[in-house]
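All chains are identified by letter, namely A, B, C and D, in their written order; residue positions are counted from 1 within each chain.
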Amino acid sequence: GSTKDDESSSSASSNTSSSSNEANPDAEIKQGLKTVSIPKQLGNPYEEFEHSGVDEALKELGGSNSIKGPTDASASSQISIINAAVQQKPDAIIIAGNDPDAVAPALKQAAQRGVKVVGMDSDVAADARSVFVNQVTTQLVGENQVESIGKQIGYKGDIAILSATANATNQNAWIKVMKETLKKPKYKDMKLVKVAYGDDDDQKSFQEMQGLIQAYPNLKGVISPTTVGVAAAARYLSKSPQKGKVKLTGLGFPNQMRKFVKDGTVDEFQLWVPKDVGYLAGQAAAALASGRITGKEGEKFEAGRLGEYTIGADGEIVLGPLTTFSADNIDDFDF
Amino acid sequence: MPADTTATPPTTGAPARDAEPTATGGARLRAVLGRWEALLIGLLVLTAVFGQGISSEFLTGDSFTTGSLDLSEVALMALALTLVIVAAEIDLSVASVLALSSALMAELWNGGMPLELIMPICLAAGAACGAFNGLLVTRFGLPSLAVTIGTLALFRGLALVVIGDESVTDFPANYTDLAFGNFAGTFVPNTMVLFAILAVAFGVLLHATPFGRSIYAIGANEEAAYFTGLRVKRVKLILFTLSGLVAALAGIVITLRNSTAAANVGQGFELTAITAVLLGGVSIFGGRGTIAGVILALLLLGGIQKALLLSQSISSYWIQIVTGALLVGSVLGPNIARRVSEARRRGTSHTPEEGSTT
Amino acid sequence: MSEPIIALERAEKSYGAVRALRGGDIALRPGEVRALVGENGAGKSTLVKLLGGVVRLDTGTMRVDGEAVDFHSPTAARDAGIAVIYQEPTLFPDLSVAENVVMGFHPLGALRRIDRGAMRKEVKGLLDRLGVRLDPDRPVRGLSIADQQIVEIAKALSFDARVLIMDEPTAALSGNEVERLFNVVRALREEGAAVLFISHRIEEVFSICDTATVMRDGAVVHDARIADMTPDDMVRRMVGRELSALFPKQDAQVGEPVMKVHRLTREGVFFDVSFEVRAGEIVALAGLVGAGRSEVARAIFGIDKPDAGHVEVGGRTLPPGRPLAAMRAGIGFVPEDRRQQGLVMDLSIARNATMTRTGALARGGLIRSGAEDRLAKEWATRLQLKFHRLADPVGFLSGGNQQKVVLAKWLATEPKLLILDEPTRGIDVGTKSEVHRLMSELAGEGLAVLMISSELPEVLGMADRVLVMHEGRLTAEIARDDADEESVIRAATGQVQEAAA
Amino acid sequence: MSAQAAAPPPAAEGARARRLTERVFRVRELGIIVAFLALVAVTGILEPRFLEAGSLRNLALNASIFAILAVGQTLVLVTRNVDLSVGSVLGLSAYFAGDLLSNHQGLPIPVVFLLGIALGAACGLFNGILVTWGQVPALVVTLGTLYMFRGLAFLWTNGTQVNAETLPDAFLNLGTDSVLGVPFLVLIALVVMLAVGQWLRDYRAGRELYAIGSNPEGARLAGVRSERRVLTAFVLAGALAGLGGVLFTARFGTVDATAGFGYELTVIAAAVVGGVAIFGGAGSVYGAAMGALLLGTITSSLIVLKVAAFWQQAAIGALLLLAIAFDRFVALRVEAALRRRSARRAG
């Protein structure tokens, strides 16, 4: 109701402040750009991969990036980080939000002080950032994952989802798509019996997987769209009689899953290349800061080794489709 | 003063000259703690210097705004917690009450209830949680440490039950801006104004009312307090209820400040709040400590946090290490001082009793 | 005369401001049972704690077999063959009787494991020797005080000590248990051990001891063979002056009953206690320690809930278990244990003295510390309190002055009835007489006083009426004129069964 | 010390009280076992697969690390102290073990265990010294080190993670394999529990821990070297947390700085549910271990019973409250009974 109106109006103001001058595609990339990239939580390796990509991009462009993150994956501690970062007057902030709305006010303040804001991996409120680098569209993740498990179980039987925390933005969006996808005639014989939450905690995910197997005797497949969850699930399966009988797919690291692919617990799983997400975000941040782009739909920019990208609706930049890892290709990856 | 000299008829009410200023261990410790606030101020100055050295941005209104905003909820909860700990009890469940109040707020908001009605309900719920702790402690005589470890899990669990996997975000902007914004164009956040008001209220309550007097008496020697006709149980019940009430208030604040509600909000705040209270010179054994000390401790924590966040080189991991070290040091310091003075004049006992919990 | 096993010379010990011991000279010789007597607070227990290595000498020397030693831990004393029964219970409520006895010295079996069989046997033996049939495997929690005392004794006998020190071991024991303990003591004497025996019961001292050391105000004032002493001059030496001089009770005219106690009962503690106290009257509640006097007082004041009976003040019945109600009805209660129940040691003198009046001091709900100090100052002057600063922790004060603060705290409430439990325990003689003067003065002003005291002279000196309790029951009510040591002791030891008035 | 009237006929009184207290004790130990069996039974009836060997094995497996930590916690609680830093210590040693194994391939596994345990013991020593020599309340010390050790873990890992990939299989198998159907982890937990249990029950040092917790001053008068004993308790608790850390790595393969985050409260909860008095002097490691098993089982069975995930935490909190309330209730009953008894005697 009234809230939404307020926000859009205020966003209009912040947008104009950021996109006041027209984009100039051939503007030089400024030298010595300073950026701060803010992961959801320090010490989370996936995040580390991503943000090392940001570092790479800025080094390449003769700038520098510093990673500042909270020690717990909470919105409030991320806000402190943002505030502190802004005080250091960087050219741009690259953030993977813990909560789309909680961090928005702080980010808007940053924008008002001329700091460009790039969202990546998990989005923040659209009016609180100029562009959002999405590893892959929510739509694609949902569809690819359902297809992947469907393929493995012959599009027939009960399936379950082992997610992260109950209020993880990404996972919930993906699960929504999965549920819609399952409505398609192609998947009519597949039944989603349960969504379990492993809280991205190894032990908890392990227990949840074990619980699923026991609670649903004719479970055929499990989707775990979180790196922690899928690894824990695979570890449980690998030692359980259901090994090979219950199929498992999800989003996981080749390094964590290789073992289970080789021992036949897992046929295939999927993911994007995290480092590239960060790299692309870094490139986008530099382009923004140098005025090459302003975040309007249709603007194009050169993203180093990844080639040219075009900004889509709501300033979204999509890295690409999911990569599927299986026994055939897994050894080509190391992350 | 030596007992035997009192045999000579004493000059009525005349202060005796030979009163020895270091009597019981408690007294000596007290003497040290008397200077505690001064010590904290010293530390604050050090932090300021160190912080400015780290970044010219440190001593700015900006830093205060954002820095204090970050601590808003912890600061609020620390106030009520101070009273609880002075009364020689403890409440580990505050952060869970905060989460429950936040979850309740979101759920009722979704149910279409007006915020003006929701907030009192949340506060009432918080008070009820506190009273629940209080009743278990006073009527059933259970140790508050154990009780509140239990309710820490229980209340957060209930928060999960209430809000589940939803996360509500469409709170009215006029309220969220209030929680996020500054006071009348100053660099002082509104939440800090709220804190200041409560700080004064609790300060008066603890330091200038009969109720406050009984809190100290109960904390320092419950039995003597009981023998003096103080309503030991009732006072404790009230304190736990207050603690719950303030925690619920903090829950409302954080919900509006983040304009979002989720069951996992404020996890671990209880430890930060307790740290602030103990660092403020409040004895974990009760009977000692001031609101002023706790406020200084909060400033200190906030300052250090801000300084480390602003630094380019120092990793923010150090925040935890420094916090922990400060906490231990704040008690260790006085003890070592006491030991030294004890070593000089032979103490009454050489093997110290073990530091016991709570 | 044989070489002392252990001896103290010019021992001094202070607890902060309190000089508990300022001239401790004592020697314990093999085959000797020595009495250590003195008023409450004379320094007996302090001396015991020195010998036990619990506290350390400030100055003076301690010798074992002539060698100067310094016990820096209880273990050191124990290794020197010194066994101590302390006045305060030192048992572990959660552990079994057997474990309490052998703690730290468990008999060990293979692999240095505790040999439970041997432990049980050993303890059983000890308990049999004491003639009690306590189950060694039962936890100490829930044992009666008497049984706990037995366990303490067994603990002390658990290793063959050359010196046995007993600080008021008989305080809670009944006649036959005392007799058995004495037999054990005699046996030890035959074996050539030295025994130090502390008791407030003169008759016990005379029945078991060979020699006696008398203490007063922290110093040893007399040391002689029992044979050369009479109970009277022992008491005189303890008190240091003629009794009459000590107790300046002036007669006040007795008024209306202020408080009536009706058939008050707390199961297992006291039974069917009824009496009344009148305005201007000092009623003493006498009896042996553990007779249940303090418990009656606690119940009257509402600290404990009685199981039956009730208390009337000014015609209105008090709600049970509500100290506040008792206070409002005009009762003041100076409890037995000053440190634990009477005062909050870490709080200032002013705070303690005004603790009962905070409500009245508040203006518009707020207390100005000025008002507090004024009230405290007023009472400090009235009671001639000796202090340094009103802001000092009350723990700085000497025992006697601490007691005055407790009195001030209650007198400030202008009570109709004042209950004094052991009002002069741990107080030096000078202050003691002050307290007594104060009591009779207040009685003169029409205050009703109920005084509990374990000191016969005090009882006889101060009371208009003496109520005597024995094992939780009122056994006698004796008017001032008929009250003498003999009549009171007889009632207190249950040798008479007069029905209580 | 003034209280009871005269001495009772001890024999009778003693015997009766003994029977009573024995019954109480049995109730206490039974209580938790019954609760556990009931839970398993109910769940089993509603979902038979819950009772399959594999499933039960996993129950034990899930509980074993917590059981080890709970045993350590018991040592400290019994002395009237507490150790809030176990979770952080576990985190440190878990990463330490993982780091060692991935960077020094071929390092013999026992050595890794020893080093992990040593690291934990060092942390425990630090806690213990602050508590005994520093005379800082254990709650304060370990709250502080809870932060410090965790901070160190973050500094050290600096965002990196140890993956199962880089760990030798021999090591990982410890976390999952079984002998005669009993997982290694469970065996280790059992060994630890029995060893510590025996030590607490049959050795002087162990008994003195109870004495200290039951009456610190009394312990001093009885010549117990309290400082040394309490120090030992903390060191052992730390060492067990260290062991727990190594096992954590073996079990989960992936370790980062957040390993064991928030374990401390669960561990204390387990001990208290298991009947360890939070103010010292009473409780057994067997009870504590059972407590850990019960808490773990609740989580699992709630999942199996398809109870909304959101109820789990609330259920655990409620159970904890029930447990302490039950203990208190029993204690009061005993007290009252004893008083009535002496009443009948004297009256």
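By definition in this document, a contact is a pair of C-beta atoms (placed from the backbone, for glycine too) under 8 Å apart; a residue touches a chain by one contact, two chains touch by 3 or more.
Not measured: the values here are computed from a predicted model.
Common neighbours of subunit A and subunit D, by the contact definition above: B. If each chain is reduced to the centroid of its CA atoms, subunit C and subunit D end up 42 Å from each other.
The geometric centre of subunit A is 38 Å away from that of subunit B, both derived from CA atoms.
Remark: subunit A and subunit C have CA centroids separated by 75 Å (rounded to whole angstrom). Contact with two or more other chains is made by residues 42, 71, 166, 197 of subunit A.
For subunit D, the set of residues that touch two or more other chains comprises 154, 158, 217, 220, 225, 309-310.
Of all residues in subunit C, those touching 2 or more other chains are 54, 73, listed in ascending order. Under the touch rule stated earlier, the contacting chain pairs are A-B, A-D, B-C, B-D, C-D.
In the complex of the two chains, the subunit D residues touching subunit B come out as 79-82, 130-132, 134-141, 143-148, 150-152, 154-155, 158, 212, 216-217, 220, 225-227, 230, 262, 265, 268-269, 272, 278-280, 308-318, 320-321, 324-325, 328. Listing the residues of subunit C that touch subunit B in their complex gives 14-19, 22, 41, 54-56, 58, 72-73, 217-218, 301, 303, 323-324, 326-327, 333, 335, 340-347, 351, 355-356, 358-359, 361-362, 365-368, 377, 380-381, 384-389, 392-393, 395-401, 409, 428-431. For subunit A in complex with subunit D, the touching residues are 42-45, 47-48, 71, 166, 194, 196-197, 202-203, 206-208, 210-212, 214-215, 217, 228, 231-232, 235, 239-241, 253, 255-256, 258-259. Listed in rising order, the residues of subunit C touching subunit D in the complex are 52, 54, 73-75, 78, 84, 86-95, 99, 103-104, 106, 108, 112-114, 132-135, 137-139, 141-147, 150, 155, 171-174, 177, 267-271, 289-295, 336, 471-472.
Residues of subunit D that touch subunit A in their complex: 47, 49-50, 52, 54-55, 58, 62, 154, 157-161, 163-165, 176, 252-254, 256-258, 299-300, 303-306, 309-310.
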